[in-house]
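Pasting the structures in now, so scroll down.
Shared between the two complexes below is subunit A, which has subunit B as its partner in the first and subunit C in the second.
Our next item is the complex of A and B:
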């Protein structure tokens, strides 16, 4: 009986075991491969700075992925916000103003993905493709006009670069996201939309309103993520932000998030996933793997995780 | 008795810790229509779906025509002679009727990798003609047709020349009257050719009329067998029910009183409403009143229900709850209207989610104070409903997809009872639900009436609305055809006259 119970428990917590196990495995393997360098104070700082951006972005993305939607415009958005942030800060000297401008832009994008998509009867992925192209174009255009490969920030940002600040940001955003996800209707409703949008609507819930809210929160985290990235690097250019949309998706998957969203979505997957993903990337480089190989290895991990986690429909038939 | 076609010996099936079948023995012989009856969750579909290759058994043996039988897929089973028409919709959207009929058989129609569509359409027409389905053609897109017609396509796909055993799983509830005739004819033809049919249904009259032998199941075990002589017995229904439920539930299915009185207060009002498939519909629904809305499935009654919930556009006229216009589903819920969709699995419940989240979904706003949604209040609300409606489950965390049909339906009732809705619109509330649960549902509906709730009960089952409603409205061709008040002498034939 006990054995049976254990088996039950294991199968119902399979995705938890897998995601937490993956993180632990990653840490152990790379701690050994890198000869302990993974935990050197210098590398820890790099790790936290990298995790910070991923964690903030994926905590917001969670809400969108829970609905079974995705937003692939994040990369281009982050790039443009980062450049804008530097340009505005440089010309006005105010970092706050720079941040508010990109926040406003991010909210507009969230509104487009959430509301305009519904009004036009389009899937949100379509509007996000539209936004990706626009922002990609804008990013290239700005850099061409500036005739520079990259712009650097002239204002003092040492405070935001501080590892303590970064850790604090992860904690603050995580607390807000966890509260929203677990203790307000937002989390419940985004999961319901992912599981069955029609039934949610038939329960008298205005799905559009909650979609907009979910995308709005994501917008806030995108703006924040772009800001943190800017603070970390102090410069931005043509390639800034590249790959972030897909990286977030992989991170969430590694954290045990089902790609189709729904009731199995867990907020913990954003945090666990970000750590796993960053340690994986960082550990591979530390262990002396060629940067080009890193992409290939990541791709293999990505497909392996999907194969393991995406199970077929539950085996219970209507009787 | 004919030669044994399919024999099942000591079959068991477990889903995790849940046992669906315990040591089942069953023999299907040539020339018989073998009825499987039992409550939801008793294992009827489990046996047949294993025999038809949908899922593997846990243990036991099967023999088909004397040979060991272990089909690995439905296609393999169908190819060898066991076909199954499924309970739920199983056509592929976005394709033509022909493509649906010949799904999985494209190879026979392709040359150098190109499918010969013309030949396929032609053959599909032949198949459709054979079954007497005249209004559908092979080249028609499947999406043009409603649920009932799509079911016919499934039948046309399942029944081939190779078919030795046809499994009809709860199909008739999903069919229109003409559709049923077509299916009955197919059944008769198969029997005449000395093939066999396994018939699963909740409709007792249909079972008694069509089946030559019955096997009764309860909790995954065989509880009894009723031979063709016993079926003809006047007492057969009583015997079957007793075997199914384990206790005698008697004849009392519907309410026993014939008192149509109710409160004077009008809670829901339709004033000359016109819209898609509804013309000039007027109705006043009073507090504590059950209004039954009946008709054939295309008559517009389902649209009326959707309009009351703000989910269908109203072109002309007004739909008012407590004197105020209903604007949207959200607004309808705020005005204390609840809606139970007839498409339970796609619109009424979230299958891939816990019972608790389903029950609290309409009430999330009520459970939230200053943006804080209390997990404790959520749990209390759901536990209360699980207890009240006796939903069979381990706890509120169990997924709805693992529940039986009747319990799923209870979850969709629970949503609105928990919300405290005063006007409940139920569209086919007992579709695909067995007698035991049906009776419980009717009791529940009566309790709601006594609590002063107004109920609009839309149903294709005349017996049910005659049995339950204070007032009965019959619709035909988008209009009201006739209104009856509750009385003892009202019979199904009186009502059906106005439907067709």
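Our next item is the complex of A and C:
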């Protein structure tokens, strides 16, 4: 039995060991340094609230990152969807309609990222830069037109900010993502595109179709993430969503996701990474670390993960 | 070899992180004791220990340095431990998360300097039984769009503004200086109305004052239409498009958003009146010093934090002032620097500039004396009155 856990096994599961080990280490270290506050009922509730949006977004982003792509328009998209969600809900009184509208918009963006980029022969990052600029401008424009720094929702959304609902959302999205990733061709093909897109095309697979599907699923999670964020704060403004694109990337890396995708991509990275990222932020503050030091420590952890997960002999980025 | 490198990287990162954790964690250790003695005197006041979270609008700068120095100075006397975090002035979710983290770390009361996501923050605080008070913030948005949820909530205790909620008197002072110094063409720079409506009012007041002068003046002063800065530095073309201006009234923080562009454009010959005080180039180039570009500025004394602190301490101790009104926002006397003499006073005697608690206008003992729970004779009126003696004249 022990023979199974030899050096070879450890080497082949190094990424898993590091991501799971990192999470366990975070929990142990901060449980001690926070004097047990990490596990207080209140803290567990806020951890779930904080993890929820990251986990939902990361689970969708997994499909895009598996292809070796990234979508930097997420932050601006989340911001605009949150504002629209509030404005539509306030004017119609229907939270469902508000969600459906932002869902439709998110799917259109997924289509633009996945299909239009291929049609125009552009890397997806270019279309995501385009979307980021458009959404960033729209977000600023809406707030300027409203002449407000922040707009609040007038519809009762207390049900959606309930911790139980948020846990349920994480579980439901995780089940769907795991199913799509492990039990449909979507997971294998996105990983294959990440490993070698041309080889995937030569094997007769329509990469465009799967790219669109991957981005579409990401779009669904972006809409859901924006909705959950709105439910949590009950307000949105010019800076809503800011930083999520980078946060998702960091969370996925902490979860052991190779930045350039490929066959080593794992769906568990999204959940492990989200929890690690949130516990790291929360734990540092509970431990009384100065806010400036929090940034430095996060940067050290980030660079350490990059160095450790790097498997290119001559490269910098992990793959 | 590669594995060795990775192991070394991991080890180094872990060691650095742990050393930072241990170092920083121990730095904010809790203060003990429930009584205090001030200035070596024998008189002691039995105090209760409280942990107060302070959410600042930025994590660096002279103002932050002075606020932290002040709170460190009063900490033992008022028997409060202060925990800091940095808030966002544009993202509700960030602020809610920061507040949740403060509550989770055991803070019983919060002093916040940003009105963003306040409705959900107050909701969260109410659920957790944590009180909130404002500092350096007019809570304008909450005041006018969520008054019931914020100002009428028992967990929101009130706020002290960054100087005056209506800073029109400063506009009048600057206008008088402009007239007195004979400037002929004045530009105005403000932040967007949706974020800082009061700045628009200041600009209007300034323009009105100059127009009033122009009615009888032989040589009129031209006032340009206000230029709105979208929280980004002023456009480089501003100075070529307005080459005739000899004075600029940047109601928006000029030290960060205007002065560097003036230097880049070679237009430090323009007289700059602004708000905010970085205590760097705005000191070196003020009045007769340096290039003399800065002619006036206004900021708030860190000691004004006494207002939210007293309200929090009393609430946490279960005692309130007999004359305590409903949650309101109050003004504090700003530090207005319009001459070399003013600047000299600020440099020599102000806590804002020195970040030395010895220069504090309101001491820890004063705060204890102003709390109803520690001094039965203390009144809310006295607390508010104390905020009116924080200007240059008091230095």
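Going forward, the second predicted complex is superposed on the first by the 306 of 319 C-alpha atoms of A that agree within 3 Å, B and C clash if a C-alpha of one lies under 4 Å from a C-alpha of the other, contacts with A are read in each partner's own complex, and residues count from 1 in each chain.
As a convention for this text, a residue touches a chain if its C-beta (ideal position, glycine included) is under 8 Å from a C-beta of that chain, and two chains touch if they have at least 3 such contacts.
Fair warning: this is a prediction, and the values are worked out from it, not measured in the lab.
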*Of the two partners subunit B and subunit C, indicate the one touching more residues belonging to subunit A.*
C
*After superposition on the shared chain, which partner residues are touched by A:182: those of subunit B (first), subunit C (second), both, or neither?*
first
*Looking at the overlay, does A:149 come into contact with subunit B only (first), subunit C only (second), both, or neither?*
second
*Which of the two partners, first being subunit B and second being subunit C, lies in contact with A:198: first, second, both, or neither?*
first
*Scan A:287 for contacts with subunit B and subunit C and give back first, second, both or neither.*
second
*Parts of subunit B lying in touch with subunit A, wherever the complex brings them together*: 15-18, 20, 40-46, 49, 54-55, 87-88, 309, 311, 328-330, 332-334, 339, 341, 346-354, 357, 360-362, 364-365, 368, 371-375, 399, 401-402, 404-405, 415
_Quick check on the complex: what are the subunit A residues that touch subunit B?_
4, 8, 11, 182-185, 188-189, 191-192, 195-196, 198-206, 262-264, 314-319
*For the subunit A and subunit C complex, residues of the former touching the latter*: 29, 33-34, 37, 40, 42-43, 46, 49-50, 53, 140, 143-144, 146-150, 152, 229, 232-240, 242, 281-282, 284-293, 296-297, 300-301, 303-304, 307-308, 310, 313
*For subunit C, which residues count as touching subunit A in their complex?*
2, 5-6, 9-10, 12-14, 16-18, 20-21, 24-25, 27-29, 59-60, 83-86, 88-94, 96-97, 100-106, 116-117, 119-120, 123, 128, 141, 145-146, 192-195, 230
